[in-house]
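Once you scroll down, you'll see the structures, which are given as structure tokens.
Okay, so chain A shows up in both of these, paired with chain B first and chain C after.
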Partner chain A sequence: MRNRAAWLPWALPAIVLVTVFFVAPFLLNVRFAFSSWTSFRSEITWNGLENVRTLIDQDLLANAVTVTVLYAILCMAIQNTVSLSLALALQRTSGINTVFRSAFFLPTLISPLAAGYIWRGLLAPDGAVNSFLGIEWAWLGEPSTALVVVAFIDAWKWSGLITLVYIAGLNSIPKSLLESATVDGAGPWTRFRRVLFPMLAPALTFNVAVTLVGALSAYDVIAATTGGGPGDHTRALNVVMRQQWGQGFFGSASALGFTVTLLVIATAVPLVWWLRRREVTG
Partner chain B sequence: MRAVLKYTALTLFAIPWVLVPVWLVVVNSFKPAGEAAELGLGLPRTWAIAENYGIVLDRGGYLTGLLNSLKVTVPIVVAVVFLGAAAAWAFGRSRSRWLQAAYFVMGLSILLPPSIIPTVYLLRALSLDGGSLGYVLTMTGCRLGIVIFLATGFVRAFPRDLEDAAAIDGASRPQVFVRILLPLLRPVLFVGGVILIINVWNDFFFALFLLQGSANATLPLSLFQFASGTLQSLNWNLVFAHVLLTTLPLVAVYVIAQKRVLAGLTEGALKG
Partner chain C sequence: MRAPSRLLGSAIGAVLALSLSGCGSSAPEGTGQVKLTLWHNSADPAALLEMYKKFEKQSGHKIELVSIPSDGFEDTTQTKWATGDRPDILEYHATVSGLLALNPAENLRDLTGEAYIARSGDLYQAAGSVDGKVYAAITGFPQVFGLYYNKKVFTAAGLTPPTNFAELAGACPKLKAAGVTPVFESGGSIWPVQILPILYLAGANQANAYGKAIAGHSSTLADAGSPFVAGLTAYAKLKADGCFNKDIVTAKFEDSMKALVTGEAAMVAQHSDMLPALLAAAGGDQKTVDESVGFVGLSSDKPLVTYAPGPIGTFYLPKTGDAAREKASLDFVRFMTGPAYAEYITASKTFPVFKDVPDPQGVPSVLQDVKKAYDTGAVIAFNSDIPGMGGLAQLMSELIAGQKDPQKAATQLQGQVEQAAKAAGLPGW
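So, the complex of A and B:
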């Protein structure tokens, strides 16, 4: 069992599938992003930054990047606040907590697309939310609220799963640590800040990274709710990509996909580096 | 006293967070179109259950969608779990530099977003575009990374004595894999499998680009086509009936496996 070649067959199917269907498209994308490729001219030729320039000239790129980054930050903030609060409340495994955990997990089972339709209904100008609040407001139609609401829906969909990751993180903290902090006279807030929060760092970093990176690829909820509107206020990168693709501008669409990749790298590298550093020191 | 306060707060939070959205879908899927357009939370004045669900089953492409969703989800989950476990065994045990480099690439594939447009190009070049086989292969290639990553951590944490002992007793490698590795990896494969099922069943983005024509449409695609079919305003009663039917299979599986899902996700399979 110790000779080298003998392990290869076990990993080979996975390596082939990942190479052909993930790595190869990834490398091709670097080429297509800088190539002229449309439905009008199927020949793919190198054209440098032409796609990027066209997207900038059409005022599409800067807005899409801003919307995507804001969306990701909002999503991450809402999702982690809700999930961490729920996890702290439901940490102990008891009968009643299991019922609540189960209930809060339910939105995770709903597809982001369906979640979009559900909240579009709830937040309609004459919908249930407005009639409860006694106002009439087009949550998804007004530039000031559309992006926040769409990010909220995405966060709503995923919060159940993230809550469970936080609960796992909380349960991995030794009880003795909290007990000795209590004996030393630490109040609930001090215990949270000095003991729980630092010990929770791996789960926190994992969740922040996962939610940020996931939200940078946002598409489904936007497609089901605003379609990018009002105006271009929720037109994230993937939404523009789909539009460019639909219009036959495949090179520009690739450039937009590549922009998402760059944003993910710019987000993930510092986060992973920070996580590694914490693991070494603490 | 504090417990009473806590659970009151949790209940008050759960009502708008879970109960109202679910109720909205259920109750409005029972109403005729005009009444559902009000998007109220009251009981139907006229019940239209049979009509609504009849239309969704008939014109909404629900049954085709259900079959197509099963046809792609089952192979993807089976392939990812078993090929992932086999690869994780190799990555966890081999010291080969090449395999460690490949393992690093697997890790990158979790983090980086899949490049969908070159994927369409590639599938077209392989004559696999538009159909479910291309979709299955793509999803498998893009989702293997996470399961491999979780399971390799697990393999490394276990001493190899058991495997060595079995080999000395004359067990072949496939036998060691089936009798020792798979049972060992069961918790982490279960958790990975659950997340994968949710992820694949609900996938819309990949399906939108990779599956062509209503004959291949999975449930999210058929929901989108159905909802976008009416141009101006949505027929809320029908959309909600479709949403309910689309979500139901997953909820049913969850209700059956609920205890194990929650325990698996909270008690550490992710800790590695």
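So, the complex of A and C:
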């Protein structure tokens, strides 16, 4: 009881914020996912799983879930690989590293839509990237590359932030541990695998969770670069939700929003639980 | 404890007072003049924007323009509308399908009986009205869909512009041989790729026969050998024959205008309200546009243009419950359709929808081509009265990407039509 009493005042602001801005709106709105809400009439009636059935019948749901999950895995993998490498390279605080850290952090401050528009121009068939490479390739228009390229753009946008978290994690590792490992004959790879990586567990938990959850609710970068195309190759759940909403099918759009929430809960909760356990046992 | 609670009370009072005074549309004191919010399409031409200013000057009311980007105009308007936010005046599509999605009986003011309706011929038989009630004030000439073509390219290739799909398919290899992209399609903007199939269907939609059959559920889009499936099949064949630009998936409609003016492309399927974009692509030089660009009707088998009352200059008055603002917004409609309308037609160099207003002088030659094609043979877009057709452009993207064949795309779209028609409570569903 003493522990709880000490813990509660510190957690209270967060609990209030999460309750007011996330839990309450979710509970108040979840019913719309099971309703006949459209722009065509005012009455909103309960229609059970009709919206989900409609989305399945129209070949929209399965593809959107697949695209969203693939996109989230790609974003998480790319961002964490790139950011961890950058963090290792830029860990020491020096003048030049500060410049590079700032440079890599800069895209985080740009609006995702602006970032998307910039990259759409750069990656156009007659854009700067193709001119530089001397090839003609519709990076965002080819089914084989579109999703991966959009995931890379998302990584470019957010890697600076994730890098900072890894740098903070690296700097919190006691130097004596690394020195002991070196004295014991561990090379750079062994030091990374046996000392640095396990000690980075809290930063890894945070970064993996944030990148995965962020990408599961992706919309802005996709909207600005491909609009969901080519065909439906980058049509993530939130893109379909916007399209359903735009056509006045608000119930179906709410069902898609609910699907995103379920997906986040179903992947993030076990993932964070597993990573936290790894922090303790690893 | 007393002083802080008094302080808190004063602070809350001040915040309330500030937020109430910030609620936009109240009247300036004692003048009887109000601030009207107008959601308008960002593609409104300068002449129309000037009319808003003239109304402000004449009435003393203030218009606050909320610009909705023309790219994704329907989605954005629907999104704002769904939040329950209502402008005093809404510029939006006059098609019945567009109107149904606003739930007009609940949300819009009935304008039946206004003087401009009788002056508009039978325009409101096919647009701006539902269940015999007129909700729209249409001031813009309908959007006329057809084929813009580059005159110099066709002259150099010794060809005449096609007016049916067989001719279009025939012109394709000759234009390619001349080093020109036969038809420029802009899948990056998504919506333009639905225009060619809609043009194809004009042949089957005389007197809106096909549109009525689909809306009334006596036919479906996916029926074996349906005109819709035939239109998508003809489109897919053009693509397979290499008639479109290589960057069809990523190109934006601004790119299509530029390619047409420069002669990089021979043809673009578009509508008449795109004229300002065409002018912009020519660097604002009307002479270049006049010399290089022409317009013809095109359908499956006849030289027909397809028309649809467009959003530009089509106004609705949402119910707001504020008597002063509702009176002022009705004054706006009466101003736009009243004596000032002739000035607008002269300034905009577009054609009037009211019979008693004469055609303007000095109309650009491409617009004269549009009017000529319209007068020769015009058919309302088959999807004008069918709700749930908003997904057509997305399905075209999948057709272009080779993910769907015409029959499958038609079946999926029919599902969306059914979903909307049932929601709208249309008879026969």
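Points to keep in mind about this one:
We adopt the following convention: the second predicted complex is superposed on the first by the 258 of 282 C-alpha atoms of A that agree within 3 Å, B and C clash if a C-alpha of one lies under 4 Å from a C-alpha of the other, contacts with A are read in each partner's own complex, and residues count from 1 in each chain.
The rule is simple: a contact is a pair of C-beta atoms (placed from the backbone, for glycine too) under 8 Å apart; a residue touches a chain by one contact, two chains touch by 3 or more.
Small disclaimer: the values here were computed from a predicted structure and weren't measured.
When the two complexes are overlaid on their common chain A, residue A:219 makes contact with chain B while staying clear of chain C.
When both complexes are overlaid on chain A, the residue A:124 reaches chain B and chain C alike.
Shared-chain residue A:10: touches chain B; no touch with chain C.
After overlaying the two complexes on the shared chain, residue contacts for A:242 are found with chain B and with chain C alike. For chain A, the partner that touches more of its residues is B, with chain B and chain C as the two candidates.
By the touch criterion stated above, A:112 is placed in contact with chain B alone, chain C being left untouched. Judged by the touch definition given at the top, the superposed model places A:26 against chain B, while chain C stays out of reach.
In the superposition on chain A, no contact is made by A:262 with either chain B or chain C.
In the superposed model, A:250 lies in contact with both chain B and chain C.
Residues 120, 124, 126, 242, 245, 250 of chain A contact both chain B in one complex and chain C in the other. Chain contact summary for the complex, chain A toward chain C: residues 36, 38-42, 54, 57-59, 120, 124-126, 136, 138, 140-143, 227-233, 242-243, 245-250, 252. Those residues of chain A whose C-beta lies close enough to touch chain B in the complex are 1, 4, 6-8, 10-11, 13-15, 17-26, 28-29, 32, 89-90, 93, 96, 98, 100-114, 117-122, 124, 126-128, 131, 156, 161, 164-165, 167-168, 171-172, 213, 216-217, 219-220, 223-224, 238, 241-242, 245, 250, 253-254, 257-258, 260-261, 264-265, 268, 272. Touching chain A in their complex are the following residues of chain C: 72, 74-76, 78-79, 81-82, 100-103, 106, 187-188, 190, 246-250, 387-388, 390-391, 394, 397-398, 400-404, 412, 415-416, 419-420, 423-425.
Touching chain A in their complex are the following residues of chain B: 6-7, 9-10, 14, 17-18, 20-22, 24-25, 28, 38-41, 79, 83-84, 86-87, 89-91, 93-96, 99, 102, 105-106, 109, 111-119, 121-122, 137-138, 140-142, 144-145, 148, 163-164, 167, 173, 177, 195, 198, 201-202, 204-205, 208-209, 219-220, 223-224, 227, 234, 236, 239-240, 243, 246-247, 250-251, 254, 258, 261-262, 265-268, 270-271.
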